[in-house]
Structures are given as structure tokens and as C-alpha cells.
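What follows is a set of structures to go through.
Two complexes follow with subunit A in common, the first pairing it with subunit B and the second with subunit C.
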Partner chain A sequence: MAGLRVVKSRDEFEGEIFESLAIIQGSDLPPHAAGVEFEEIGKSRKRVDGVQRVTGRATYTQDVTLPGMLHARVLRSPYPRARVRAIDTKKAEALPGVRAVLHRFNSPKAAFRGEETIFRDEVRFIGDEVAAVAADDAETAVRALALIEVEYELLPHVTDLEEAISDEAPKLEDGGNVFDAGSLKRGEARQAFKDADAVVEGTYRTSTQLHNSLESHGAVAQWDGQILTVWESTQHVFGVREGLRAALLIPLSQIRVICDYMGGGFGSKGGAGKYSIIAALFAKQLGRPVRCVLTRHEENLAAGNRSATLQKIKIAAKDGRITAIDHTSWSNAGQGRWVANPTGPTNTLYDFANLTTKSYRVVTNAGSLSAFRAPGYVEGTFALEQAIDELAERIGVDPFTLRRRHAASQRDPRTTKAYSLKRLLECYTIGAREIGWSDRRAGGTRGSAPHRRRGIGMGTQIWGGGGGPPAYATVHFNSDGTVILRAGTQDIGTGTRTVLAQICSEELGVELDRISVRIGDTEGPYGPISAGSLTLASVGPAVRLAARDAREQFLGAAAGVLEVPRTELRMERGHIVSKGARTPIAEVSKKLENNTVIGKGSRWPNPESLSIKTFGAHFAQVEVDTLTGEIFVEKVVAVHDIGRIVNPMTAASQVQGGVIQALGFALSEERVVDRSLGRVMNADLEWYKVPTVLDVPEIVVRFTDRPDRRANNLGAKGLGEPPIIPTAAAVANAVANAIGVRLRHAPMTPPRVLEALAVVP
Partner chain B sequence: MSLFSYAKPRALGEALRLLKNGTIAIAGGTDLVGLIRSGLARPEGLVDLTGIDGLRGWTREKGKGLRIGALTPLADLETSPQLQKLAPMIAQSLRDAATPQLRNMGTVGGNLLQRNRCWYFRDEAVPCWLKGGTRCFAAEGENRYHAILGAAECVMVAPSDLAPALIAYDAEIEIASSIGRRTVKLGQLFVTPSGRQRKEHSIKKGELITSVRISDAALERRGTFLKAMDRKAWSFALVSVAASARIKDGKARDVRVVLGGVAPVPWWVPAAHKLLEGSALDDNSCLAAADLILASAQPLRDNGYKVTLARELIRRALRSLVA
Partner chain C sequence: MPPVRGPNAVDIALTVNGHAATAHLPSQRSLLELLRGELGLTGTKLVCNAGNCGACTVLVDDRPVYSCITLAVACEGKRVETIEGISKDGELHPVQEAFIDHDAYQCGFCTPGQVMSIVALLRSKAKPTEDEMRRAVTGNLCRCGAYVNIVKAGMSAARRGTK
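Presenting the complex of A and B:
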């Protein structure tokens, strides 16, 4: 193929910059001209798959039922740390209906995240996989689990973050329990603290938040002797395929992964899980399809979480400006090898001249972290934005004003590169107007009853979301004039199918309802993980290029069919338009018979010299009952600067969902672990409190909605994570404004509010 | 889950005959199904009561008071406008109980006999004292939701919202068995798990609650039910308070203050009722009563907030009776 080139691209994922390669060909499209009238882009469109979803026809992994399918269930460690000495499966295998049992003494090696096998010899948390059973039905599999006899040698354990840091804790790894996970130094913080007018210090704590996706993790695997087909609820079909290849050593060409519909992931479904490998191992061994789907309880023990953090912030001001900050964070990673960085916002959000930040990963005998919607940034922003408010109060400056002074810079303080587009100050202005910031009073105002106080607070968001290569799409004309768009992606629930169809429709000039979107299948072109707020900004531009390619080819063919010069033709609303004539596309494609036009598009690299970020600000108004400790969030205003909005309706849904999940983090969600037993006491939806519909306040959603023309040909950036980042900080600042006491521990439950008010005996 | 037999009798007498060792009665099943699934109940047989006529719905007859059938769905009581007028605390207590789906399925009898929600008790793998083990794990463990009052070997709390409201109306329950019938004060149904008594109520094997009764005199009381939760719906009470009194010439008579979520049983202190007799329910007397009720509180590591919360909810509930 002519004109292929390999270039470097710098992409951001979960707060870190990565350098990658991109293969490019031809030329990228320029961004849409200013003032162009769109047919589809920027219009609210109902989800193209909405009817399938609400009528129950959409097939989720949990719905997949195949002839002869077996059910696999997992035996999980009942101890937080133990050596598996011996396993006796005789009784389990004797149970009628049981087909096979896998465990560390009989399972083939299956590499998983740096370990050689999926069944550890030393189990390291309650819920760690010990064995698995495949049986004719789920009930039999569960009964068989109870018949497996395991000899454990118990080992000392630690589950709590602060206990694990202390010297008395058992050392879980050769290097201890605490590991460096990054640091940054800028300027001369030490001197700046000495020279400061005011210094405030605070210790902040955030709790472990569980994802609780509506659909739990799970896979159905089928092996036909040649092809391993796996249906999986996943954010990355290609990631699952790679995970299965690494574990089972099957060539990629013999693995197909499908995720047609999924019930959420929030970062926890980034690749193959042990359940996927278990299903695949059984399917190969037994020659029958195998379903392995986690229960809600298993989900909340062993499917990941947002780590609890301990954070210390020291911040200083001089002459009305912030002059230094020191931010240190420890995260409870469980057995995770990776850890999110809560100091990320401190490193990148404001133009702090002098800073030192440090981040530590702490290992414990608890379920491991996995990415959870803006990992690290939710936790870090909760601490950073409170520290700024506290400093503002100390020096007598309005916190809004103090932030503005440090948020205006058009240069990324970490890389010193210019931003492709930054309209954070506009977010501030819009938000302040919507919440009525001018009515905010230092010390809060009277609430709706004598014992109620009202307050207003704000928090700021920074995140990546620029996306990047590789991502591919094809656009295929059928002989009846309908179109099939294939893209390497999957819909985690955000409305990916819909917005890609809109982009395709816009570029092609074919109506939305004539375009069918096929995603979530490794048989299609490659695409990235649906995480890091990168889907639209990665895949959208590729779809646009594919549609343009298809359009150009089709018009070329139409010119021949209609015997009109190509230059006089254009495509518009399902028609080929020439001077004075409108021919339906279907008429042309019928004449082409099955001579097929296939357009191809790929994502171009990001501009080398620019920093691509998303920005936003949330404002909250709360009432606090000072005698019962209840917090009533009355209103949240969420303003985001994410470039072009392709579909205002799905974008608003994204923001509402983020705010609601953030309110859970802020007010009620907390994994509770009994330290001596090492058990999660609320691995359920009864005591683990996600917000209910009654907990949702009025949410006002606003966008700056300016295309980021320098970011990519669509001008759009990601929105998955931005709306969960600043809400908790805004609510905490509003609470502090209302009651004059700062809540430094999330979630801010009634007991913690009463404790902070010092009214608990 | 193990296998069990299932029977759906059409009459109470038949149901009582079927209730023997190893069988458990089921109505809405909103608690029992969870207990079975988590291995905490292992019935050999279930006796489904929902086919029995005559135990569903409520009636009011002058001179005989209010009678509520034990199989009445909670939702029916919550949504009846007449009952809201007659005994407002009942609807108030159900409004924030569980969820609409659970209130549609759950029945009055089942609500009163539901087992506690302690997360150690509910965890099949934890051999806690109430399940026959040697110690209470919550007492030294994670106890933010546990008892501040009246606990012995076990620090669980009475979970029902309906029970404090009914007790504040001095409700009685009718209990049937194959031997006959007996009537007890609802307040006497609940027992503090202690000593050899590792149970939460005094119903014996083979007995069924058939109805709840409230006297005409008690229905003359005003009532307020308040519940604190850690989110706005679908939560058991951190603390609940049912307060009732007959108000005459601005003075309170027959005052009742009954708390849920603070002790292994619905909690009240007769001396506090006496203290408030004849008072105008001003702030000071309400707080004095609250302090009397909470005088013996012994908070655990994580639940001291319940004392603060209970004191304030008692004040608010009592004040609202004269507001």
C-alpha cells in the first residue's frame, strides 16, 4: 500500500503520558470549518440501540446461553492470607453433574498479570481464586464448591491502609508493604514555605469505593477445536483477546471476543479476568461451552475497587497567591501491581511554581484496586480543592478568586507545552452564575430550618481525554444503499454506537437510520479500550475519515453510473445531488449491484507540541442538619470544557451519571472491612450504599462546547471521567462553608459530620 | 441452597398442622428467601401462608379498635388514606421502610418477625454468638450500625420500622398454634438475645402471628415517626423514633417514645413516659426525657453518633406532637 508512514504519538491514559507508534497513510481531514451547518453533529439524538435495550432484546454477556453450556463457579479463599497446602476434590467430583474441577495442583499454567497461574499457592485476600468447578447447572456447581476440601496454612495478614504502613504490620512482600509510585518536584517549595504569609496543613482520607456495575464481570467461552469464541462484558475486546492469548498460548487468529452490549464497567473491565480464563480452560478441556459469571458478592470482593487513600497536603500563600504545595499520598492497592496517582491534579491543574508531590502504593490483603472512573483524580481533587478553600479562608480571599488566579495559564505546568484548547475560566464564569456564587457568604447562610445551615462550594477538574491512535473504522455500502459502519470499539454504556453513527451520517450524507453500527467484536478493525475518556476522541476521527473515504469512492462510482462529472456531484441526506437532480443513493447502489464501496479510516497521531486536556468545574449547594449530621445536596452545577459536543443528550447523561457516582463517593459509599477477620462486611448492595434516585439532586449540565480544532479532526475530547472528578470536592467545600467545619474523610456520612461538629459524646 | 418441600394450605388450621420441626412459614419471603440463600435458614419444608383467606387487610370497629391481619402487605397499610388518618404513625413508619417492591411483597407478620441485619450474623462464614458461636464479632469489630442500649452477648439492633410505631400505640398481637390462641403485648414479643436465649423473639415453634390490634383509646393519640438513614431511601434505620401522646389542653397524656435501631429490641423507658405525663412537651422536658432514655447508653467504638442522633430525633418527634 502506498504512502504508509510510521510516526510517534504521545497519548495520555489515566493521568500518565505514553509514547506510542502510529501508522498513517494519505492525509488527515481538516477540522470542520467554523460556522458550518451540521445535520447530525451537535444534535441530540436518541440512542440508536435504545429500543433493543429497553425491550430486553439486547444481548448482554449474562444473557448468552448456548446449547450444552456448562456453568463454572469459583471457590474463593475464606482467609485473607494463607498457603494452599493441599486440595481434595474427590467428593466434589463424585457429585452427579460435576464435569471438572480446576485448581493449582491440576490446572495448566495460565499467565495472568505477571503471575504464572491463576490459582495462587499463597492466597492473599478473601475472595482470591482457589479452585473452580464446571457443572451441568449453577446449583450443582455451587454445591460442589462446598465439597472441595482445602488445607490452608494461615499466615499473618493486614488489610487496613494505615496499619499496613505502620512498622508493626506483617511484611507482605520482600520490599515491605509501601512502594514508591511516583514523585514530582518543581521550583523551591522548601524556601517558599519559609517565605509564606500563611501555611495550612491537612490530612485527608478517602474510602474504598466499589464499582458495582449493573452487570457483573463474566464470560462465556466456546471452543470448536479451532476457534475460541468468548463473549465477555468488557471495555476492551482486543484486550481480552490478548489476555487469553497470553494465558492459553493460542494464536490471536484463533480467538474471537464479542461484547455486543454491556452493563457498565467504570474501568474494572479492562481485560481478561480470571473468570474468562477459567471459562476458556474448561471449554477447551470439556469441549462444551462454559459460562463463568460473578455474583454480586464475588464482584465486590474480587473485581476491583477505587483504593482508599491517606493524603497529606501542606499549602502556602504569599501576597494573595499560592506559593507552595506539598502533597503526599498513600493508596491501598490490595494486591494490585499498579496504583492510581492522587497527586495528579496537584501536578497539573494549577500553575503552582513550587511543589513537591509523592505517591505510594501500599499492598494489603484486601481485594485489589482496578481503574475506577478517573482513578486517583477523584481522591486527589477531594483533598487538593479542600486545601485551596482552607487556604483562601485563612488569607481572606474568595476561593473562587484564588482559583482564577492560578487557573488562567494556557500552558501545561508539567510539560510546559501549550494547551490545544483550555476554557477553564469560562467554566468558572458559567458555573458561578448558575449556582449564584455572588450570594455565597463566608461562614454560610441560614438554612430552611433553625438547625440547618446552607453553603456553596466549588471544585475544579482536569483530566486527559485527548485519545489517540491506533483506532480504525470501515464504512461499507450495501447494494440497497444502506451502510454498515464497523469500528474497533465497544459501547460501555455511554452511547458509543449512537455518536459514531452521527459522525458517519454527517460525513457521508446518509441518514442516521440507514446506518448500522457494528462494534464490540475482534473480527472488526482494531480499536482501543473504552477507558481513559478516550473512545470518542480516538475512534470518532477514524470514523470520519472512513466515511469520507467511502463517500469519495461512492461519488466516483456514482459519476460513472449517472454519467455526470464527479466534480458536479455531492452526497446529501441520502441522495446524490447534481445540478438540478437528486438521485436516491439506493438507486445508484442498486445499479452497482454487489460491486462494493468500502471506506477505511484510521486515527492520526496527536500534535507533538501541544498538551490536550479536558477541564471543568462543579459547584454545589448543600444544606446540613447540624443536629443529625445529614447532608442534603440541593443542587450541583457541572460545567465542562471537552471540545465539541457530538450529542448533547448523551453528553448530559454522561455528566449526570458522573455526578451521581461522585455523590456516592462523597456521601455514602464505603467498603467496610473487619480488620481482624480480613472480611468485607458489605460486599452487597444492602450496606454498601450507592445513591438511590432520592439521593440525586438537581443537576445543571453546561458545556463550553467549543471544538478543539488542534486536538483531532473532530474537535471532540472525552467525557467519561471528567464529571466524576470535582463533585466530592465541591460538596465538601459547600459543607465547610455551611457549618464552618471541614470534613476531611470521604464519605461524609452523618456520623462523620456529627464527629466533626464535636457533638458526639 | 438445599432442597425443601413446599405446601400452600388454604386454611389457618391446616397451616398450623403443617408447621412442625424443620418447616418454616413463608409469606412475602422478603427476609426468609435471603436467609435461605445465604445458608442461615435451612428449612426441610416451607409452609406458604399466602393462600389463607381472612388474615389479609384491616378493620376498624368501634369498641373493638383496629385489627390488622398478619398477611396484610405493608404497601396496603402505607397507601390507605383512611388508615393514615386513623393511625398515622403506621404509614409514616412504612414510607421509608425498604423499597416499594419489598413493601409490596412484605407482610405485617413477616416484618415483625424479620431477623436482624447485623453483617456478621448475615455472613454465613462468621460463627457469631447468635448463631451458636462463642463471641460477638461486632462488639469488637465494625459496629457503626450496632446497639448503644440494652445489649448483652449480642449487639445487634431491632431492624423493624413498623414495630416501634405499633408499640407506641400499645399494640397487641394475636398468636395462634394448633393448641389454641394467645394474645400478648407486641412489646413483649421481642427478646434480648442473652444467656441460653439465642433468639430475637418469643414466638414458639408451631405458632403464627395472626393479627395486630390497637385499642380505640390508643388511636386517640397523636403520633410521629422519624427515621435517620445514611442515604435517602432503602436503608435500615440508624435510629428511628416513634412518639405518641394524647394532647389535651396543651398537655401530653399517655406519652410513648419507642426507639428502633438502637438496641436488640424496640427500646422504651417507662420512667421517661412518666416524666412527660402532663408536660407541655417543651424543649426542656423533651430533652430531659431523651436524656433519661439514653442514660444507660454504652456506645461501641463506631456508634457514639447514635446517642446524639437519638437525642435529637426524640426531641423532634415529641415536639411535633404539639406543633
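Presenting the complex of A and C:
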């Protein structure tokens, strides 16, 4: 095809830079001119799928019911580490209604994340898959699980991060339990520590956080002899398709994955799960549709988590400036093969000369980590931003002032590239004003009672969110003048359908209510995973191009139909406008009959020479009860610099949600594991404490709202993750300001507050 | 875990969304299982199956209940209303309208339960205080954290008045 080119693009995903290829054709659109009057972009629009969501008519994977559908349930290991010696399924198979049992001795090979089979020879955590049953109904499947007899050989286990690091721990892999997961060095930290005026050291811990998406992981699979159709609650339909291809060795052309609505993922639903493969294996074997959906208990054992971390930070200052940071982190990956990087913020946030960071992955007999909304950065920022405050206090500089000294640089300290746009100082200024930073007193202030203390603190956010190729969209005119926008993305609750419709409407000149958005289906054009805060910045620019292409084609056709020169026509609010005449689009499209205009758009590569980041700052005001140890967060000010805001209302929702989820991490959420049994003691919503409506403080949301013109043709960047990153640090710093002691372990529960207060001399 | 199958199924008769419904089911079956299963009303969501999260909230004789821990047989002769039953003749209930206007949801999975809890409050108290509104949804978890707008939507619906 003429004019097709392949170029390299550098994209960031969750703190790591990846090089990818982009196939491009024609030319990208320039960013919108400054001062242009928008019809849709930048306007608060109600969600285009709101009616479905409030009436219960939105179809989630859990709601997919097919004729003749069977129900699969999974037998999970009751031991943290054991060899599966033998499995006897005779009794289970004899139960009326049971259709099949799969386990490691009879299951076909099915590659999954580097392993050959989904049922392990050595099960490695409580909840690891041992066998699966397909039955006529879920109750029968559950009863059958209890009838499966498994002979286990128990092996020594370790579930705790710090125990696993120690020399006494059983070695879980040939290389031990601790694996290098990256390091960075800049300047001469060792010398800088020697030359420093002040050095502060601290050890920080963050606990394992469980996603608890309200819709659990699950899939419904149907095999019609040629096409495998899978409905799955996922953040990436194409990722699930690839996972199923790798496991079942079916060509991609014969797999279709659908995710119409999904009930939250927060990073944990990135690709096919074992449940997807189990459903597909049974569907193929039995020739009937199969549903495999996790229970809440299973969800909290085997569907991912945010790794617990142990972090050591040493930070030095000279002449009122930060001169060096040394940051080492160990993350409990469970059985995960990768780990998020808590030293990411230390590597990239501030401008200072000397740095050494190291990150380690620690393997334990617990469920695998999975990405959890800004993985690594939430944990790392909790430690880094407290260390900054502690250093500021030590050298007698206001922590706000110390940060400003290192936050002004317009160059990425890691890559030395210039930022496409950075307005962090503006975030600081807005936030400080909204929280009343000038009223902050060293040592805090008196609270609402003599035993209550009040404090103010802040934390800073850095994250990617620039997105990148490949991402595609098509815009399709119907004969009645309505429009179908297709993109391979999915709406995980962020409002993707709505903002894409707004972008399409703006570019096309067709009203929002005449555009129908089809996403979450591998039958559409490819789109990236809804993660890494990359959806809007990846898919949005492609939608804009597709809409432009469709508009140009449609105007060309309209010129012929109306017998008016093309150059005299434009499209505006659902009309073809020429000199003195306004013809409704529907009138033209009717004349075109079923001659169809289909516009295509793809995401262009990111600028080679620039670093694209998002920034922000949170400020918190807390009151601490020194008798009970309770922390009451009274107010959070969240200011973000994420480029252009397409929909202020849904953007504000993202920020509020991020802050609230961060407060769970900061104050109440903690997976508790019995070390001797290796068992999660709170794998439910009774004892695992996610925030309720009563835990919500006053939240003030502000955006710098300046388009990042050099990032992409929309000037927008991602917002999913930024608002969860700095809240816990801001709260911790506010607590330290209030009570004069530092809480170095998240969540900052009342016992930990009391313990910290007790050790004050 | 679903309950173990009991020895005897029983017949029950109740009203669901204004229509008479009958079912033949084991006495251990929950109201949620009846609604989502036999009756095909999947608007009510299953999340914890243990009465912890409120996603399955429906109204029984105007009172909000967790349908996952309510036995179906306990609803014999009662009036059950679900999210599918509150919009009449294609017109959204004011609480549903307010949820859309105030962006009181993200993924939407808790939304049916939140809406039903607020509908129940507004039936017992047409003009609640904001604190009463907040307390009406304390038993409804929202993992996306849409709480600020949920409370706003509830108060806005109360101001508009519910039919």
C-alpha cells in the first residue's frame, strides 16, 4: 500500500520504557489550535452507557448465560507447598450431573505464563489450581470437588517476605528466593553521603493489598466446532485471545473474546487466567458452553495482589539541597515471575545528582502478584516522600520548599530527555493554597479534643501515561446518518466509551447521541490493554484520525450527492453545511443508500526526543486520636497535571476513586497470612477492609488542564493511576506532622499508631 | 459457597417487580440465586455471597435486604423489587436519573445495590439529611470509590422527589 512506513516508538508502561514498532500511513493530525472552541472536548458529559449501568441491563461476564451452559469449579490446594502424588476422581465422576474432571494427570498440555500446564506438579500456594470439575450446575460442581481425593506430599514453605529473604528459609527455586529485578546508578552516591550535612535513614514496609474488584475474575467459553468465543471480565480482550491461543494452540482467527461491561480490574485482569483456559478446555471437550467464575474467596487467593514491600531509604542533604538517595526494595511476588518497581519514583521524580537504587523480587508460597493500579509507585512513593519530609525536618527546611527545589527541572533525570510538558510546580502552588499550607505548623496543631492532634502533609506523583501505538479505530456511517465507532479497547469503569464518543463527535461534527461506541471485542480493530493509564492517550488520537478520515470521505460523497464542490462543504452539528444551505447528514446518507463510508485511524508514534510523564501532588489534613490510634483523614487536595481533560466530570470521578482506594492502602487494607499454615486469614470482604462511604474525606480535585501538544494529537495523557500514587505519602506526612512520630508501615492502623507513639522517648 | 442441596424442594409464591412469581426450589436457595437463576434477573449482582458488600441489595416489602443471605423461602407471599423493577414504562426512576447526572458510578457493578438502598431510604424518608443518605449506603461497598457522587446523586434525587 502506498505511503506505508514502519517506525520505532518508545512507550512507557508502568514505569518501564519499551521500544515498539508503529506502522503508519499518511500523516498525523496536528494538535488542536490554541483557543479553538470545542463542542465536546473539555465538556462534562454524562456517560453514554449510563442507562445500561443504572438499570442492571449492562451485561457483565457474570451475567452471560447460554443454552446448555455447564458450570466449572476449581479444586485448589489446601497446602502452601506440596507435591501432587495422585488424584482419584472416581467418586466425583460418579456424581450425577458431573460431566468431566480435569487435573494434571489427564489434562492436555496448556501453556500458561512459561509453564507447560495449568495444573502444577508442585502446588505452591494455598489456592493453587489442582483440578477442575464441569457439571450441570454450580452446586453439583462444588459437591464434586469435595469428592476428589488428592494425595499430597507436603513440602516446607515460606509465605512471609522477610522470612523468605533470611538464610533459614526453605529455598523455593534453584536460584533461591531472592532475584535481582533491576538497579540504577547515577553520580557517586557513596561520596555524596560522606560529604553530606545531614543523612536520614529509614526502613519502610507496605502490606499486601488485594484488588477485590467487585466482579470476580471469570470467563464463559463456547466452542462451535470452529470458533471459540469467550466472554471474559478483562482489561484486554486481545491479551486474553493471545493467552488462549498459546494455551490451546488454536489460530487467532478462530478465537473471539468479548468484554462488554466489566466490574473493575485495577490491573489484575490483564490477560487470560487459568479459569479462562479451564472454561475453554471443557467447552472444547464437552461441546457445551462452560462458565468458570471465581468466588470471592478464590478471588482473594489466586487472582493477584499488590506485593508487600520492605524498603530501605537513605537520603542526604548538603547546603539545603538533596544530594544523594540510596533506595533498596524487596517485593513479595508470591509465585509471580515479575515484580513492580518501588524505586521507580526515586529514579525519576526529583532532580538531584547521586543515586543508587536496587529492586529485588522475592518468591514465596503465596498467590502471584499482579499489577495493582500504579504498581510499585504507590509503595515506593510512600517511602520516598516520607524520607524527603524527614530530611527536610532534619535540615530545618519546609518540606514544600525542599521539594520545589528539586521539582522544577524540565528534563527527565533518568533519560535526560526534555519533558513534553511538566507543570508540577503549578500543582504544588494550587495544592498548597487549597490545603492552607501556610497555616501548617511544625509539630502540628491541637485537634478537636486535647488528645487529638491535627497535621498537614503532602506527597508528589510521577507516572507515565503517554500511551503509544498500536491502537486503531474505525468510524462507520450508516444509511440513516448514525455512526458506529469501533475500537479494540474496553471500558473498565473509567468512562472510555464516553470520552471516545466525545472525541469522535468533535472531529466528525456529528452529535454525541448519534454515535454508538463498540468496544471490548476482538472482532474490532486492535487496541491496547486498559492499564498503565494509557487508554485515552493511545486510543483517543486514533479515534480522532478515524473520525477525520470518515469526515473527509463523507464530505467527498456529499459533494457528489448535493452537486456542490467539495471545497465548499463542511460538517457541523449533524449537518452538511455549504454556502447558505444546511442539509442534515441523514438526508445525504440516505441518498448514498448502503454505499458505506468507513474511516480508519491509527495511533502515531511518540516523539523520539521527549519524555512524556504525568505529574501531580496530594495534600492531606488529618486528625489523629492519640488514645485510640485512629487516623481521621479530614481533607485531601488532589492536583494533577495530565494534559488536556476531555471530560471534567468523569476525570474528577477517577481522581476521587484513586484517592479513596489509596486511603484503603494507607489506613486499612492488609492481607493477613498465617505464617505457619500459609493461609490467608481475611480472604473475604468481612475482614479485609476496603473503604466504605464513611471513610471518605472532603476531596478537592484540581487539574492544570493544559494540553500536552507535543505528546499526541489530542494533547491528553492518562489519569487512571496518578491519583492513587501520592495519597498515602501525604497522609503519612500529615500524621508525622500531627503527632511527631513517623508511621513507616502501611496500612497505618490504630495498633501501629499506638506502637509508634509508645516508642517515643 | 453455594449451599448443599437439601432433600426437599418446596414451592413458593411471591411478587417480583409487581408480577406474581412461583418457584420450586430447595429451601436452602437464597433469594439472590432465585432472582439471578430461575427468574433471570441478572441486574442484581453477586459479589461476596456473605452479606458483606451490599451488591445484591433488593427490596422486600420496601426494606433493603442483602439477597445473598436472605432465603428465598423467607420471601413467601412478600413483595420483592429489584433494579429491573424500579423504572416504569421505560422511564428511569429519579434515583437512576440522578446517578447518571452525577456520575455516581465507575464500573457500575455496585450500582444496582446502591440505587436500591437509596430507593429504600427515600421511601421511608423523603427528605433525608446528608448523613442519613451516607448511612443508607454504608452497607454498599464501591471498590472504584464513587462514594462522593453516590451521596450527591442520592441527595439530588431526594430534592427532585421520587414518585
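Heads up, the rule we're going with is that the second predicted complex is superposed on the first by the 758 of 761 C-alpha atoms of A that agree within 3 Å, B and C clash if a C-alpha of one lies under 4 Å from a C-alpha of the other, contacts with A are read in each partner's own complex, and residues count from 1 in each chain.
One rule holds for everything that comes next: a contact is a pair of C-beta atoms (placed from the backbone, for glycine too) under 8 Å apart; a residue touches a chain by one contact, two chains touch by 3 or more.
These figures come from a predicted structure and were not determined experimentally.
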Which superposed partner A:694 touches (first subunit B, second subunit C, both, neither): both
Partner chain in contact with A:263 - subunit B first, subunit C second, else both or neither: second
Which superposed partner A:659 touches (first subunit B, second subunit C, both, neither): second
Contacts of A:139 with subunit B and subunit C, given as first, second, both or neither: both
Partner chain(s) touched by A:682 [first = subunit B, second = subunit C, both, neither]: first
Contacts of A:607 with subunit B and subunit C, given as first, second, both or neither: neither
Greater residue coverage of subunit A in the superposed arrangement, subunit B or subunit C: C
First, second, both or neither for A:674, with subunit B first and subunit C second: first
Which of subunit B and subunit C A:296 touches, first, second, both or neither: second
Touched partner set for A:187, first subunit B, second subunit C, both or neither: neither
Common ground on subunit A, meaning residues reached by subunit C in one complex and by subunit B in the other: 139, 142, 686, 691-694
Partner subunit A, residues of subunit B touching it in the complex: 1, 117, 119-120, 123, 125-126, 137, 140-142, 144-145, 228, 230-235, 238, 299, 302-305, 307-309, 312-313
Subunit C to subunit A touching residues, read off their complex: 1-5, 40-50, 52-53, 55, 82-84, 87, 92, 96, 99-101, 103, 105-112, 115, 134-135, 137-138, 140-151
Subunit C-facing residues of subunit A, complex: 46-47, 50-60, 62-63, 65, 138-140, 142-143, 211-216, 261-264, 266, 295-297, 492-495, 649-650, 652-654, 656-661, 684-686, 690-694, 696, 699
Subunit A residues touching subunit B - in the complex, by the definition given at the top: 78, 139, 142, 627-630, 667-668, 672-677, 679, 681-682, 686-687, 689, 691-695, 749-751, 754-755, 759-761
